[in-house]
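Notes follow once the structure below has been shown.
Letters A, B, C, D, E and F name the chains as they come in the text, with residue numbers starting at 1 for each one.
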Amino acid sequence: MPVVKIEMWEGRTKEQKAELARVITEALVRIAKTSPEHVHIIFEDVKKENWAIGGVLSSDL
Amino acid sequence: MPVVKIEMWEGRTKEQKAELARVITEALVRIAKTSPEHVHIIFEDVKKENWAIGGVLSSDL
Amino acid sequence: MPVVKIEMWEGRTKEQKAELARVITEALVRIAKTSPEHVHIIFEDVKKENWAIGGVLSSDL
Amino acid sequence: MPVVKIEMWEGRTKEQKAELARVITEALVRIAKTSPEHVHIIFEDVKKENWAIGGVLSSDL
Amino acid sequence: MPVVKIEMWEGRTKEQKAELARVITEALVRIAKTSPEHVHIIFEDVKKENWAIGGVLSSDL
Amino acid sequence: MPVVKIEMWEGRTKEQKAELARVITEALVRIAKTSPEHVHIIFEDVKKENWAIGGVLSSDL
């Protein structure tokens, strides 16, 4: 049943997402006692110009 | 006042979204006693490679 | 696969949520061609003092 | 520590987002007593056909 | 039309939220050219034990 | 920079959350090449009556 939403700057490859999905799902199964088929992980690729830190768009840092 | 966020795999047409919006808004008005102009529904089209189930990206299933 | 998040002012009963869940899931199955067991609907009850419209907390309207 | 997510119709320029980020971060620092480097603001540009109000997609209004 | 979600550690008062809502709505109206009655701001008070930074729950920092 | 939101049924202990936060942050640092202090993980404990699967509230399953 867990739903995990991961927001990151765009640029992560499909291989990185696949490995993250595998490892995070294993952690949820082992630690939170859920079954793997109930774990949904959604990646959201955020453009740097859409993410501000400290009041400045990351594309301007 | 309700805000509804619907995350689905990409591929749903504009017609499908329009019908979903209509039906879900009617349900919220009838069941949750709100007025239609206060119902916001936001669709988010998620690429299959950005959605993992059971630890595997849906694009690899 | 759809994940639906519904944010509403608190106060909706369990019966209202149950009916909303049933109707919205049916709509997603019929219109978006998914199977019911893949539809997750998450309700979030928001206190009026945590929801502002027009710059004013709803608890102050 | 605050994380702010702003969903708007697409079309806002980078300059508008930069100014929003600056002003909202200043408000959070001044009013919520946080330090600027801990404020994350994420913009999400939503297509009008993905945002329904009153049961109608905004692209059809 | 903008929907703003603000996640912060719990502890902010109703007065702080009211001022944040007023200032952020004004910024959205002035900079993003929307009308105030369309601005929704939702605050989410997050317990420190539900927010990890650097791999450590904030309640343990 | 990643922000991770984890929605689960309530009932997970503080110890489980602490271990999940540690393991998921390590995975993000190793696989997504970020630094640990930039990883924010937010847990949201959802009541079973607020989470429907297959059109039925989990509290009624």
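Basically, a contact is a pair of C-beta atoms (placed from the backbone, for glycine too) under 8 Å apart; a residue touches a chain by one contact, two chains touch by 3 or more.
Small disclaimer: the values here were computed from a predicted structure and weren't measured.
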>> Treat touching chains as neighbours: how many steps, at the fewest, connect chain A to chain F?
In response: 1
>> On C-alpha atoms alone, could you tell me the rotation angle mapping chain D onto chain F? Nearest 5 degrees is fine.
In response: 180
>> Suppose each chain is reduced to the average of its Cα coordinates; what separation in Å results between chain C and chain F?
In response: 20
> So how far apart, in whole Å, are chain D and chain E when each is placed at the average of its C-alpha atoms?
Replying inline: 11
> Touching two or more other chains, which residues of chain D qualify?
Replying inline: 1, 3, 7, 24, 40, 42, 51, 53
> Between which chains does touch occur?
Replying inline: A-B, A-C, A-D, A-F, B-C, B-D, B-E, C-E, C-F, D-E, D-F, E-F
>> If we count contacts the way the header does, which residues on chain D are in touch with chain B in the complex?
In response: 7, 46, 49-57, 59-60
> Which of the residues in chain C end up touching chain F in this complex?
Replying inline: 14, 17-18, 21-22, 24-26, 36-37, 39-45
>> For a test of understanding, state which residues of chain E touch chain D in their complex under the given definition.
In response: 1-9, 12, 16, 19-20, 23-24, 27-28, 31-32, 34, 51, 53, 58
>> Using the touch definition from the top, list the residues of chain F that touch chain D in their complex.
In response: 1, 3, 40, 42
